[in-house]
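Next come two complexes built around subunit A: one with subunit B, the other with subunit C.
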Partner chain A sequence: MRATGIQSDGLALPSQIATALCDLVADGEIYLRSVETVAPIAIGVLTGGTLGLLVGVWLGLSKTAAQLAWLSIELFRPIPPVAIIPLTMLVYGIGIRMEAAIIGFACFWPMLLLTRDAVTSVDVRLFEVARMLGLPRRKQIVKIALPAAAPRVFTALRLTLGIALIVAVTTEIAANPFGLGYAIISAGLSLRPDVMYAFLIWLAILGWLLNVGLTHLHRRLFGATAGEASS
Partner chain B sequence: MSNWLIRLGSVLVALSIFVLWQLVTQAGLVQPIFLPSPLSTIASLWRGLTQGDLLALTMTTMERMFYGWMLASLGGTLLGGLIGLSRRARYWLTPTLELLRPLPATTLLPIGIALFGLQPRMLLGVIAFGAIWPVLLPTIHGFSAIEPRLHEVARNLGVSRLAFALKFGFPNALPDVVAGMRLSLTACLIITVVGEMVTAQEGLGTTIMMAARSFRSTDLFGGIILLGLVGIANNALLALIERIATPWRAAQT
Partner chain C sequence: MNHAGIRVAPVAKACVDPAIAFDGVRLDLGGRRVIDSLSFDVAPGEFACVVGPSGCGKTTLLRLVSGLLAPSTGEVRRFGATVKGPSCDVAIVFQDYGRALLPWRTATGNIALALEAIGLSRRERTARVGALLEKVGLAGHGDKYPAQLSGGMQQRVQIARCLAQEPRVLLMDEPFGALDALTRQALQDEIARLVKDSGATTLFVTHDLDEAIYLGDRVFALDANPGRLADVIDVDLPRPRHQLITREQPEFLRLRHVLFDHVQKTH
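So, the complex of A and B:
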C-alpha cells in the first residue's frame, strides 16, 4: 500500500495498526473494552452454564427425564442466540444484563447436552456398586457421577467459553454499545481502520490465549490424554 | 409400545411449557410487552404469514443463508482439499489459519462494511467467508489423514494428482466435510441474522430488531419462533444429508 500510494478507508498499514494498538494499550482503553466484554461473559457462563450443568446432570442420571425432555430441547435449542438479542434489548435495555442474558441462553444448551452425554457415559457398574454399598442418591451424584464425568464436563466448559466469547462480541456488534465488539464496529464506521484492526488483533490474541490456557488447564487437571477427545 | 408412550410424554412436556407460558401471561405475572401470550403470538405470526410479508422475509433470510452456506461449503472443500493434499501448503498455512480461527465470524461484518460498504453482496460474502472455517479445517484434516500406503499405491499405479484427490482424498474426507457443513450452516444462520440487523438488509433479523424497537412484542416473538423453525428445519436437513452422504456413520450413532 505504501508502495502504490493507495488511499483507503477500509485498509490500514501494518505499521499504523501497530501504532494504534500501542496507543490503545497506553491509554488503557483496550483494558476497559476487554473488561466490558469479559464481565458479561463471566456472568453469562456462570448462570447459563451452571443451570445447563444441573439440568444436564439430572437428565444424564434419569433416562425417563431425558426422554421426556427430548422434544422440548429439540424445540428450543435450535433458536439462534442472536435471535433473542432484540428480546433482551426490550426487557433489559442495553448494558451488561442484556448481554449476560444472551450469553447465558447460548451457553445453557451446549452445557446441558454435553453434560448429559458425559453423565450418561459414566460406567453403569459404578452406580451398581454404589447402590450395593448403600450410598444415598445425593452421594452417588457428588462422589461418582460428577467426578467420573468431570473431564468431559470440562471439555464442555471450554467449548462453552468459546461460544460465549463469540456471542458476546456478536451482541456488541449488533446491538450493545459496549466492549470489544462495539469498539471494532464503531472504529470501522468512523473510518479508523487502524483502530479497528488493532482491536481485531487484540481479540484474536484473547481468543487464542483463552483456548491455549484452557487446553493447558485441562491437561493439568485430567492428564495428558484428556484434551484430545475434543475440538 | 413404551417407546410410543415416551414420545407422547415428551410431547406433553413440551405442550405443558406452552400452557405454563399462557397461564403466566393470563395471570398478569409478566407485562405483556415483555412476554406476550402464546396465543396472541401465534395469531400475530399467522397474520404476518398469510397477510403480511413475513413469509417473503423468511424466504429472503433463508435464501441468503443457503447461498452463503453453498459458497462456504464449496470454497471450504476446494481450499481444504488443496491445502490438505499438499504438505508444503499445510506447513505454510496452518499457523495463519490457527490464528484466524478463534476470531468470531461476525467480526468480519465491520471489515466488510469498511471495505465494501453496505450492499447485499458484501453481506453474502461475509456470510460465506465467516462460515468457511468450520468446513475448511476439518476438510484439511480429512484430506491430510489419508493412509500413507494409499499414496504409495496410487503413485505406483500412475494415478494423476487430480484423480487421487477425487478418488482417494474426497471419499476419505467426506465425513469431515459433512460434519463441517453441519457447523457451517448453524454459523450461516447466525451471521445472516446478525448481518441483517447490522446492515439493515431486508430479512428476519431486521424485522425482529424493528419489532423490538417499536415494542411490538407479539411480532418479535413471532419472528423468534420463525427463526427457531428455520433452525429446526436446518437440523432436519443436515441429518438427512448425513444419512445420505455417509450412511456408515449414521448407522453407528
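So, the complex of A and C:
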C-alpha cells in the first residue's frame, strides 16, 4: 500500500532514496565527499587529540601543572568549536586545513580532560607497588601510569571521534563547501530530498561502522584484562 | 624488652644489627596520633607477627618499615641503617591483591615487573619467572591475567613478585585476610616454607590470633588509639608446623589464651 496525495519538499520515496544512493555510489561522488569529510577528521583528531592526550597525561601526573593550567582550561574549554569558524577562515581560508583546525580544537579539550582524569584515577596502590619494586619515575609512567589509564583513554578517543564527526559536518554545512555536510545542504537547497536522505543514510552507516570498529578494537585490546577469555 | 628465646636463623650470625628496629617511633597523621612511642627489634631471619585491634596502626607500622611513610619522631632502622624510602631489599605483600596486581599483565608479566626494575635481560627474566611460578604452585598459569585467576592464585602471584625481588625483609599486610579458610591454610604453610627457604626477615600483620601463633617466632600485640606495643610473646613451637598437630598442642592453646585475654582486655 502506498500513501498518495502527500506532497512535501522534505520527503522522498524510499525507492527514490535507494536510486539516489545507488547513483551516488556508481559515479563515485559519495566516496569523494566521504574523503573530504574523513580527511580533516583524521588530521584534526591526530593533532588535537594527540596534543590533548599529551597535556592530559602531564596534568594527570603533576598536581602543580594541573593547578596552574586550571584557569586557562576553564576559560578556553567552553568556547563552542563552531564559534572559531570565522577565525579559522581568516587564517586558512576555506578548505581542509580550516576544517581540520576546528576539529582539532574540538578534540583537544575532551581528550585532555578525560586523559587527565584517567591518569589521576590510577590506583595509588599501583604506584606504591612500583616504588617498592624500585622502579624509577620514568618507568613508573611508562610501565604503570600509561597502561593503567589506557582503557579509559581509549574510551575518550571513541567519544572524541564522535565529536569530530559532529563538528566536521556542522562546519561543512555552515561554512566549508566540501564533504558530506556540504553535499547534504546543497541537496536540501536544490530541493533534492532523495539525495539528501541518501547522504544522511550514508552518514549513519559511516558512524555505525566507526563505532563497531572501535568497540571491537577495544575488546581486542583490553578484553582479557576485564576477565574475558582470550580465545 | 626481653629477647630471650628468639629463634635466630643462620644468616643472623653474620649480621649483628637487628633486621628491623623501631626506636621511640611516633607518627602523627592528619592531626591524629596513629603510633606512639613504639620501640622493638626484629632479629634477622625472624618471623614476627603483629596482631591488634583495628585502628592500632598495624598497616601503618608496615608502611614505616617499607619507607612509604616516615615517622614524625624517632627512628626506624633496617639492618642498622635509617629508613629513608623504599628499597629493593624490602618487599611488601598487600592484602588487596586485586589492586596490587597490574590487570593488563599476565601472571608472568606481573612477576617479571620486579625483574624489569632491576634491569634483568628478557632471557634471564623468563627463566627466573618460570622458577618462581613453580615455587608458588602456579606452574602452567603464567599466561593468565589476574582477572582469570582465583583470589588465592592472585595472592600467590603477588607473593611470587615479592620473592622475585629477593628481599632481605618481607612485609605482609593481612595477606590471607580475604581468602577462604582452606586456601588460607594452604598458603600459610607455603609462606612458612618459602620464607624459611629465602631466609628473609618477615613482619606479618594479621587480625587472626591463631594465624599469628601458627606462623610466628614471636607475636607483637598492639594497643589501639594511639598504636603502641602492649605485649610480646615468644612462640616456642617446633617447626615445621602442622595445621592439625601444631594447633592441638597445649603450648599453642596456652599462647592462644594469653593473646586472646590480651585482646579482650584492650578492646
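By our rule, the second predicted complex is superposed on the first by the 213 of 231 C-alpha atoms of A that agree within 3 Å, B and C clash if a C-alpha of one lies under 4 Å from a C-alpha of the other, contacts with A are read in each partner's own complex, and residues count from 1 in each chain.
Heads up, the rule we're going with is that contacts are C-beta pairs under 8 Å (C-beta built on N, C-alpha and C of every residue); 3 or more make two chains touch, one makes a residue touch a chain.
Owing to the predicted nature of the structure, the values given are computational and were not obtained by experimental measurement.
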- prompt: subunit B or subunit C: which reaches more residues on subunit A?
  reply: B
Task: Determine, under the contact definition given at the top, whether A:L200 touches first (subunit B), second (subunit C), both, or neither.
output: first
Query: What is the contact status of A:A174 with respect to subunit B (first) and subunit C (second): first, second, both, or neither?
result: first
Message: Going by the contact rule set out at the top, does A:R125 touch subunit B (first), subunit C (second), both, or neither?
response: second
Task: Go through the superposed model and pick first if A:P81 touches only subunit B, second if only subunit C, both, or neither.
output: first
Task: Report, in rising order, the residues of subunit A that make contact with subunit B in one complex and with subunit C in the other.
output: none
Message: With touch defined as at the start, can you tell me which subunit A residues reach subunit C in the complex?
response: 123, 125-126, 128-129, 131-135, 139, 143-144, 147-148, 150, 222, 224-227, 229-230
- line: Touching subunit B in the complex, subunit A uses residues 9-11, 64, 67-72, 74-87, 89-91, 162, 165-166, 169-170, 173-175, 181, 184-185, 187-189, 191, 193, 196, 200, 203-204, 207-208, 210-211
Statement: Counting only contacts in the complex, subunit C reaches subunit A at residues 66, 68, 85-88, 90-92, 94, 96, 99-100, 102-104, 113-114, 116-118, 145-148, 161, 165
Statement: So, in the complex, the side of subunit B touching subunit A is made of residues 6-7, 9-11, 13-14, 17, 33-34, 98-100, 102-107, 109-111, 113-116, 186, 189-190, 193-194, 197-198, 205, 208-209, 211-213, 215, 217, 220-221, 223-224, 227-228, 230-232, 234-235
